[in-house]
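Next up: some structures, all given as structure tokens.
You will see subunit A twice below: alongside subunit B first, and alongside subunit C after that.
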Partner chain A sequence: MPRPGFVLDVDRSTPPMLFWHGERFSLERLPADRSRVIYPAEPHPGLRDVRAEIRRAIAEPLDSEPLAELLNPDMKLTICFDDVSLSLPKMRRPDVRQLIVEAVLTEAAAAGVDDVHIIAALGLHRRMHDHELRHVLGDRVVDSFASSGHLYQHDAEDPDNLTVIGTTDHGEVVEINRRVAESDLVVYANVNQVAMDGGWKSLVTGVASYRCLSHHHNPQSLENTRSLMDRHHSALHHSIWRMGSVLRDHGPRVFQIETTINTDAFPSPFDFLSKREWEWTARDRASYLATSKSLDRTPTRISRRIFHSIKAPYAVTGVNAGFTETVHERTLAEVYRQHVVEVEGQTDILTMGIPFICPYNPDSVMNPILVMCMGLGYMFNMYRGRPLVREGGVIIMTHPTYREFDPAHHPSYIDFFDEVLADTTDPHEMSVKWERKYAEDEWYRHLYRTQNAYHGVHPFYAWYWGAHGRAWASRVIIVGGHPDTVRRLGFTPASTMTDAFELASDVVGTRPTITHLHVPSVLVADVR
Partner chain B sequence: MTPDRFQLQRVLGTTERAVRFAMKPLAGMGFPLRAPTTPRGVIVPDQPDTLGAAYDTEWARRPVATISRSLIVNGPLRLAVGVLTRPRVSGLDRLSALENGDDTMPVVFAANHESHLDTAILIHAIPRCWRRELVVAAAADYFFDRRWKAASASLALNAVPIDRHQTGRRSAETFRGLLDDGYSILIYPEGGRSPDGWAQEFRGGAAYLAQRAGAPIIPIYLEGSGAIWGKGARRFVPGRTQVVFGEPIMPDADMSSRKVAARLGSDVARLADEATSSWWEATQRFARGSTPSLSGPETTSWRRSWALHERRRRTKSGRPRPRPEWPHLS
Partner chain C sequence: MKALRIHDRDRRFAASRLGSVLGSPNARGRGPLSLDTSAFQQAPTTEWQELKVMLSGICGSDLALIEGRASAYFDPWVTMPFIPGHEILARTAEGHRVVIDPVLGHQCRGLPVPDDVSAPADGHDYSHMVGGQIEPGIQTGFCCSAGGGWAERLWAHPSQMHSVPESFSDEQAVLIEPVAGAVHAALIALRSRDEAPLLSVIGLGTIGISTVAALRHFRPDARIVAAGRYPHQLEAARQVGADVVTRFDGLARALRRLTGTAMIGPDTGGGADSTLDCVGSGDTLRTSIGTTRPRGRVVAVGMPAEVTVDLAPLWHRETELVGAYTYGTEDVAGVRRHSFEHAIDVISSFPSPWLLSATYPLNRHRDALAHAATAGRRGTFKIAFDLREEN
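On to the complex of A and B.
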């Protein structure tokens, strides 16, 4: 039985805590008697036979007829799947999406369905490389469908293949992929790593246009999203659910298949990452020393390649299929069962180590904008109820924050950093002044549609993602970051954790309470 | 001819005569230097047979033999497989539910059989967690009829004799014991190599063994080895091979061995279809019940051969075909 997550009160005998520092690690000692560390639960055991569980889920769906009864030979069937932004790190083969797609296709073959399209629901994310498609879907599906053009990636900038299916009562236009809209049945293969994923968000963002996405991916929505991990208190999710209602009433029949995975993110050489520091064995300590000392002497380019080559031993903990909303409630219950840690009260300072990866840089560089997005967008939002840090508190992150970009994947991020952030770091101001220019730039559009670049507007969305955290905290300090780069982000650089606490004392006094979010495992703090 | 050559011939001739002279006394000698003949009218009591299906391979699973085999398998055998057959392996992800680190469930691997190379190819294609404790069911009347052949097969391949004409109690008990001890089995349900490249009927032995031991059967389709060194071939013709692993067939006490064998045959045929077309097309044909037969068209031999050639062309396996050379136009 895995141990649940818990909150450790730091005392004098507490060992130093592990912090991610991009492609490196560090051990930092937190002040005794006023610090606490939130540890996630240990990984839950996975299902023994995932294929059998998928077959069971599609044969006994929730609030829907079995998949076999929804299939007929003359129909248009479209299968959509989550893109490479899930899971992080990528899971070992076979990816659960492959198992789902193969199970659905087997049913489709039995029913004599010939008109099948498979679409990567990537929204405004970059197109997946061939090896990524093969990793996610497996060679069998790719070899069967790619050459005939029936496996492709959604293009949010293709006017001929987008269609409006309706408008919400808030005036939000629901514009999605034409093939999806005109299908008799859409099956969605989802991986739920955190509570933010899944539900209507899968389709409404995955196969939508920029016009459709801009209704909820904006500073107003994201500042009122309390939090991303709590869809019932998230303006972003409210907008998406309104669009989902339009899709339900006026769009194609949707059969959602959602899966949950556990938190076993790193293979055995990195066991120490998910262990509690005082439980490190001699072997763990040796692994840590060997790994961290080696990484300190390894060029970042190589250590990045090492980390991105990691394949996580995630296990699938649940499979649910059927009507989107019913399925998603089950999924959320399973995700919360694994992730929620009860925490009493807020804190003055929230510390967090930023890892080498976020949803927008698989096999790529964690550029400064993504550091902000990961820290203030994702990790700050890992709460339910109230944020871990009090309003006006300080957030301290550790990351090298190098001024480095991947020109193939993130071309518009480079200009965003040089042009937009030099002008303003305020999400509202940049949204009015700059967003449209980037969104409608022909070169970015060309790179998004034909190469492997994120959409031109994507750095704005990454920045908006952190809007709530940015507005909430009065100061953000990055320890070990490149000073000029950190300042360009509007944050304060610090050389050491002690310096960071010293800098924070201007805002929170000399004896602030401190909470450390222990990653890499995912957790959602239920703050009372 | 130069004088040196004359001298060499003279030396060789002298040596040959000396050897013949030295062997002359033995040629005329019989027992005890030769095996005794049996007098007429005397019934010699049967000695317990230690060859064939009765050959005891226990020694080949002891540590010294295991280490030796590891050196053979990972040295010359791996080199030979890589150079001669260049296998492309797919479908291993279908086995993920059975893999569990050190606690991996023993299974029965059942493959079609075209060549003596098949075992070497499959030993390297099978995931390491099963390969460590893998025995190969080998024909008792072919690989275990001479002591040196039996010892070689046992040492190099961890072969265990199986009577291919009938699954006797002894073979069944041996293999069940091995499965209980955690060994997985590689077996060829056809009972021998294909005579013409098309598969023969799948017999029930593999299904019977798996049913008795409650072990999953993993169907494997192997393509191309017959063209490299098929039955009757005198030399190797290096080429490419393809190995496709299928969905495990889980043991079901309610199913007869005959039904399991039929399911195994149809699964391998589906894998063959997958290898020659695409997974989706093969799945659709399987659903319609129109999967091409593994044993080829029921027609004349030359047309069977023609069809086989066409299938190998589609899978890009077997012998490499010469690239067309365009004339140089200057």
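On to the complex of A and C.
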């Protein structure tokens, strides 16, 4: 039985804590008697036979007829699947989405369905490379559907292939992929890594247009999303669920298949990452030393390649299928069962190590905007109830924050950094002053539609993702970051953790209480 | 008379060139320049007047020469030994402050002046620069007969002298010559008279900043993008009228954003109407061509030497590549004035005292040259010799 997540109070005997530092690691000693560390639960065991569980789920769905009963030879069937932003790192083959799609195709073949399209639900994310499609769906599916044009990627900028389903009672226009809208049945293949994902969000963001997404991907919604991991207190999710209701009432029939995975993110050379420091064996210590010393001597681009080549030994812990809302409640229950850690009260400071990856840079560079997004967007939001840090407190992150961008994947991010952040770091101001220009830039549009670039507006969304954390903390400090780059983000650079605590003392005094979010921080802190 | 002089000593040039290549900070000390005290030479002709130098700037072309980086093209155009220094504020025997148009034109040489020549650098034939009553030399500061500004005194022909407005401080006045060069370059860039032209300036040392100021002076409606290396340069460019400032490596993207064009490799599909390259390196010329719109103009303002540039984009984009040498008679809206007169207007229009960042006496020439060679890195712009105490 895996041990649950827990909170460690740091005392004088507590060893230094492991921090991510981009493509490297560091060990940092936290002040005794006023620091605590939140550890995630140990990985839960996976299902023994995932294929059988998928077959069972689609044969015995929740609040829906079995999939086989929804299929007929004359129908239009569309299968959508989560894109490359999940899972992180990518899971070992076969990816669970491949297993789902293969199971659905088997049912469709048995029912004589000919008109089948498979669509990557990438929203405004970048198009997947061929090798990524093959990793997610398997060679058989790609070879069978891609060449005939029946496997493709959603294009949120193709006006001929978008259609309006309806409008919510808040005036939000639900505009989605025309093929999806006109299908007799849409099957969604989801992989749920955190509580934010899944539910109506799968379709309402994955196959939506910029106009549709802008109703909830904006500073107002994201500042009032408390938090991303708690959909019942998230303005973003409220908007998405309103759109989901429109889709349910006026859109195509949806058969949602959601899966949950455990937290076993790193294979054996990186075992020490998920262990508790005082339990490190001599082998773990040696492994840490060997890894961190060799990474220190390795050029960043090589380290990056090494890390991005990791294939996570994730195990599937649950499969649910059927009516989206019912399925998602089951999914959330399973996610929370693995992720929730009860935490008593808030602290003055929250520390966290920012890793080499976030949902928007698979096989790519963790650029400065993504550092902000990962820290203040994702990791800060790993809570229910209240944030781990008090309002007006300080957030300290560790990351090299190099001024480096992937021009193929993130072209508009470069301009966002040079132009928008030079003008303002305020999400509200930039949304009014700059967002439309980037969203409608023809060059970005071209790169998004035909190459592998995130949509022109995407850096804004990444920035808005951190809007709540940015407004909540009175100071954000990045340890070990490139000073000019950190300042451009509106944050404070510090060379060491000690310096960071010193800088934080201006705001929180000289004996602040500290929470450290231990890596890998896939957890939900239930803060009471 | 104390003077810094350049001698034709091949070994010292070679040592200087080697030191420059190796990045040695002492390269300038081992170069062909030396401080000496000798009798003031004879006047070239009776027309020439003796001037007492007050301030004399250090130009990039001076540094290139001392460091052995100057083009061999100039070898037959200069005579050694000579006293460098062509950015000169001086005082006449009557006590008037004057700045010098250093170009040694027809009048200086006692040659008949062609009809199309008003200013020394005008005209379509430069043969006179190696003829007449004085030795070959394109300018004061590169000719053994005329002397130069890095000395206590020099000879100047009346045709070279321009009065300094009373309202100008000495520090403003010594900038008239470099700003006049920027004026000349700006007017070349603006020849095609586009509506609200998009202009790009690369390199934000003294000449780059002056170029931005001149462009803004002549075309308030222009959109000016300025690309530099150091934060103080970007701030200065903004102060004198740049709309957008960027690091050099961000220039292409800044132009792309302004024009809505596409990036195609490192270049832009469209780009600036004109680009003024105030550096003159292979990199900057290549970037200038690649970020100027097809059938646009690239003006080489900074003096290039031998550089390696891929000219395929020049061919493909039908780019006009043109140099901007010194100054001349400028025709602005039908009014013909010397570049110096426009430079006085430009300097009057923006607060420039900070552009002259530091001065040194002649006997600290090594410090002065080292400072000038690293001006950008040290957060400064123009460095000059100050001889007001000596005179």
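The working rule: the second predicted complex is superposed on the first by the 527 of 528 C-alpha atoms of A that agree within 3 Å, B and C clash if a C-alpha of one lies under 4 Å from a C-alpha of the other, contacts with A are read in each partner's own complex, and residues count from 1 in each chain.
As a working rule, a contact is a pair of C-beta atoms (placed from the backbone, for glycine too) under 8 Å apart; a residue touches a chain by one contact, two chains touch by 3 or more.
Just so it is clear, the model here is predicted, and its values are computed rather than measured.
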So, after the overlay on subunit A, do subunit B and subunit C clash or fit? They fit
Geometry row: CA centre of subunit A as apex, subunit B and subunit C as ends, angle in degrees (steps of 10) is 110
Next item on the list: Give one of first, second, both or neither to describe whether A:Ala109 is in contact with subunit B, with subunit C, with both, or with none.
Entry: first
Let me test your reading of the model: by the given contact rule, A:Asp418 touches which partner, first (subunit B), second (subunit C), both or neither? second
>> Looking at A:Trp443 after the superposition, I want to know if it touches subunit B, subunit C, both of them or none. Which is it: first, second, both, neither?
In response: second
Margin query: Tell me the contact category for A:Arg51 with respect to subunit B and subunit C: first, second, both or neither.
Written below: first
Q: Name the contact category of A:Pro31: first (subunit B only), second (subunit C only), both, or neither.
A: neither
With both complexes overlaid on chain A, does A:Pro4 touch subunit B (first), subunit C (second), both or neither?
neither
The answer to whether subunit B or subunit C touches more of subunit A is B
Overlaying both structures gives a minimum C-alpha distance between subunit B and subunit C, in Å, of 31
Listed in rising order, subunit B residues that touch subunit A in their complex are 90-91, 93-94, 96-97, 247, 274, 278-281, 283-284, 286-288
Note: in the complex, subunit A contacts subunit C through residues 407, 411, 414-415, 418-419, 441-443, 446
Subunit B partner, complex, touching residues on subunit A are 48-52, 93-94, 98, 102, 105-106, 109-112, 114, 116, 138-141, 143-145
In the complex, subunit C touches subunit A at residues 246, 250, 253-254, 256-257, 260-263
